[in-house]
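Naming follows writing order (A, B and C), and every chain is counted from residue 1.
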Amino acid sequence: MDRKRLDCDILIIGGGPAGLAAASSAAKNGRSVSIIDDNPNPGGQIWRGESSKSSIPQAAALLNKVKDLGVDFIGGARVFDQPEDHLLLAESLNDVLELQYSKLIIATGARERFLPFPGWTLPNVMGAGGLQALVKSGMPIDGKLVIIAGSGPLLLAVASYLYKHDAKIVLIAEQTSRSNLLKFGLGLIGQPDKILQAIDIKKQLFGVPYKTNCWPVSAHGHGKLESVKLKQDDRTFEIDCDYLACGFHLIPNLELPALLGCETDDGVVKTDQFQQTSVPDIYCAGESTAIGGLDLSLVEGEIAGYAATGNEQQAEHLFNSRQKHRKFADLLNRTFELRDELKALPDQSTIVCRCEDVTFDRLRQYNEWRAAKLHTRCGMGPCQGRICGPAVEFFLGWKPESVRPPIFPARLDNLIRVATASAEVDTVTR
Amino acid sequence: MTFDVAIIGAGIVGAACALECAREGMSVAVIEAREIGGGATAAGMGHIVVMDDSEAQFALTRYSQNLWIELSKEMPADCEYEACGTIWVAADEEEMAEVHRKQEYYSKRKVPTEVLDARQLQEAEPNLRKGMSGGLRVLNDSVIYSPCAARYLMERAQKRGAKLIHGRVEELKRDGAKLSDGSFISAGLVVNAAGSWSPLLTPGIDVKKRKGHLVITDRYPEFVRHQLVELGYLKSAHSLTSDSVAFNVQPRKTGQLLIGSSRQYGVEDSKVENLMLSKMLDRAIEYMPKLAGLSAIRSWTGFRAATPDKLPLIGPCPEHENLYLATGHEGLGITTSLATAKLLIDQILKRPSAIPVEPYLPSRVKQEAVHA
Amino acid sequence: MRETVSLAVNGIPVTVPQGAMVSAAVAIAGFIGFRRSVTGQPRGPLCGMGICFECRVTIDGQPHRKSCQIPCSNGMDVRTDG
């Protein structure tokens, strides 16, 4: 492993829309700006695979701008520890990077929330965003029968993407109610661009059944997925398919801000009006501060980039726009709130922790996380509870525990700091 | 109601004591502030090893190991008992001399061992660095998943009527324990089995916190086959006060590797310290270079309850009527928990024990102080 | 013409477009189970973004590599265990 050291004024963790927007406003002032992301290319989940020649004008423009401003992009590297203030460690395939910064902007985005149900561990049951990401990474989907299920606007975006790639979308199943969706539509009045987006997607998906009040209750197959049982109102029905793409809206990635000591509130990072966290010199923008979609991420990123480079005035100009998008975010999260019936999804033998294969009935013998972890190893595998944690919180109400380094599994020798020689430690004893 | 005995702490020692007391028909309350086996029991490596730092340490560890071997026949699978054996690794000829000394000591006392030469060691553990001189394999040593073992002991105690009470003990009285919520658990006898917290409840006992770091990897079955411990301590000034690290790796039944170890005094903060972790892993990689490329999934720390003579405190507490101690087990709490419980109940019932109890009596520390 | 990369999945030669991830190569080679869970169940990718660790495979002898985040390269030897 090679060790590389990087000093920069502004370090941005995450190269999605929020991170890119932050980079563009920070770099305008001649500061050295670096973005680090665990994916090989910038764009985040929503613009995965897009380039400066993208057919999405917003993506192309921002990617171009960041390139022109000389922002350094470090791909394929994942931050796993903060050995001291203003210093992060990241791991890539062949290197360990020491990243020294003056100001840090966290834009680590969100991940899908998964809810375990019988059969969800079968191969070819995936996240909605998960299947989309895999197809973007080169997995063929043409001619495959796909059911898209769960909750949130992501389902439609994924459906539209897969449809364009010649998947046969059998059904889109949204757990929220039709009346919630109608209220959502009414709430969009005054935001014509969002209504147009919705109409556009709807047009593209002409002929694909879209059911509300509907969710998967079990997946079936031998060694891989063959069919899915879904429930709508009081009716249960079974459909054959090749893939089930299922995610229940999004949850913020809070592991890094938690490691750095940033305060959180109700599952999101707390920030002030300049997107600054409770920790000096650390800002946060995008889905980690609230699940709010692309536009809110962009404006928060821009504000953070200005604020981190001392341009409060320019940041203030964006406050109104942010306020408008926050209203949308509130509406979004209310609309796609999970219904209580979903708490009945897992049966006794449903695996909740996929790393350690811990079943729901084993977890239910405990009444809090730590004891359950200790005695069942739930959440103790390599994903460190990122998948089962939110599910357990929804099913059982257990709040996540504190995080410890490494926040992602790392090569053992990357946990070793080089500058240790001076310290007085006996090398051996029992 | 009044319990016959209130045990403070549901770590592996407290749980083992609860089972022995319940077995004898006593009414038992176990008071635990957090979860069963959540302290040093969970933080440690979970080994069941015979040790020879002193005759007393040997007697206690061997007695207890035999109890574990019996118990392992009925333990549930999640306790992950694995009789993998220990290899004491000799890096050079000086350490090889220690291998022979140890072998002689153990064989005189009928502990099965095998001396491995350089080639045999390499065959037994191909991932150790080349050029080691050999090692001593101790066949009956084992590892265990301690939190589940503690829970198993506790469940068996509960089946015999023991009560697990969730609460934080504020003060020990001669007739019971006062909890922080104001309630009082009334008991004829009180056993302080609170590990590194025990001196907070019984001020004056010489038990100090000794911090340790550990790292666990993803699953690499067969990468390591035995618990491996270095003999390199021979060359360092083996001090009771300074910070130190040593090569100590365990194969878990899951295929994961547990990597230790470090020792620090005088540190209260439980956070993972980069410096200690680095030193510890440096040492591990020095012995086993291929560890460097494995995926580490978690690191953590814990506090051992250490005594000056490296022996636990088991028995009545001088000057405190009705109070017994079962604490100070340092890094051997899992190993010696079962024997501790036997020695404790023997003393409570005033009957003879399988091994002499004197070396572990809390009163020994005071006597030594007088003679010193 | 787009550039391609050739590699082997469980000994089966596969050619994928430059930039494709190992997860895509595994799927193209026709394998659905990527790994065995700790109780022996076959598992495949879930999150597609390097968080769930379900897509782990052995790459060039190194186990536990996340196939969804590692781009294919020429001559790679990929092994699944599903």
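We take it that a contact is a pair of C-beta atoms (placed from the backbone, for glycine too) under 8 Å apart; a residue touches a chain by one contact, two chains touch by 3 or more.
What you see is a predicted model, and the numbers here were worked out from it, not measured in a lab.
Core chain by CA centroid proximity to the global CA centroid: A. Contact count check for B-C and A-B (C-beta pairs in contact): higher for A-B. In whole angstrom, the spacing between the mean C-alpha positions of chain A and chain C is 22. One simple way to say how far apart two chains are is to compare their mean CA positions; for chain B and chain C this gives 42 Å. One simple way to say how far apart two chains are is to compare their mean CA positions; for chain A and chain B this gives 41 Å. Counting partners per residue, chain B has 218, 293, 295 as the residues that reach two or more other chains.
Shared interface positions of chain C, i.e. residues touching 2 or more other chains, are given as 38, 64. Counting partner chains per residue, chain A shows two or more touched chains at residues 381-382, 409.
Touching chain C in their complex are the following residues of chain B: 218-220, 254, 293, 295. The touching residues of chain B, counted against chain A in their complex, run 34-38, 42, 78, 147-148, 151, 215, 217-218, 229-230, 232-233, 235-239, 242-247, 259, 261, 263, 272, 274-279, 281-285, 291-300, 331.
Within the complex formed with chain C, the residues of chain A that make contact are 38-40, 45, 76, 78, 93, 111-112, 114, 121, 123-127, 129-134, 137-140, 223-224, 351, 354-357, 381-383, 386-387, 409. Taken together, the chain C residues at the contact with chain A in this complex read 16-17, 19-21, 23-25, 27-28, 32-34, 37-39, 41-54, 56, 64, 68-71, 82. Residue ranges of chain C in contact with chain B, taken from their complex: 38, 62-64.
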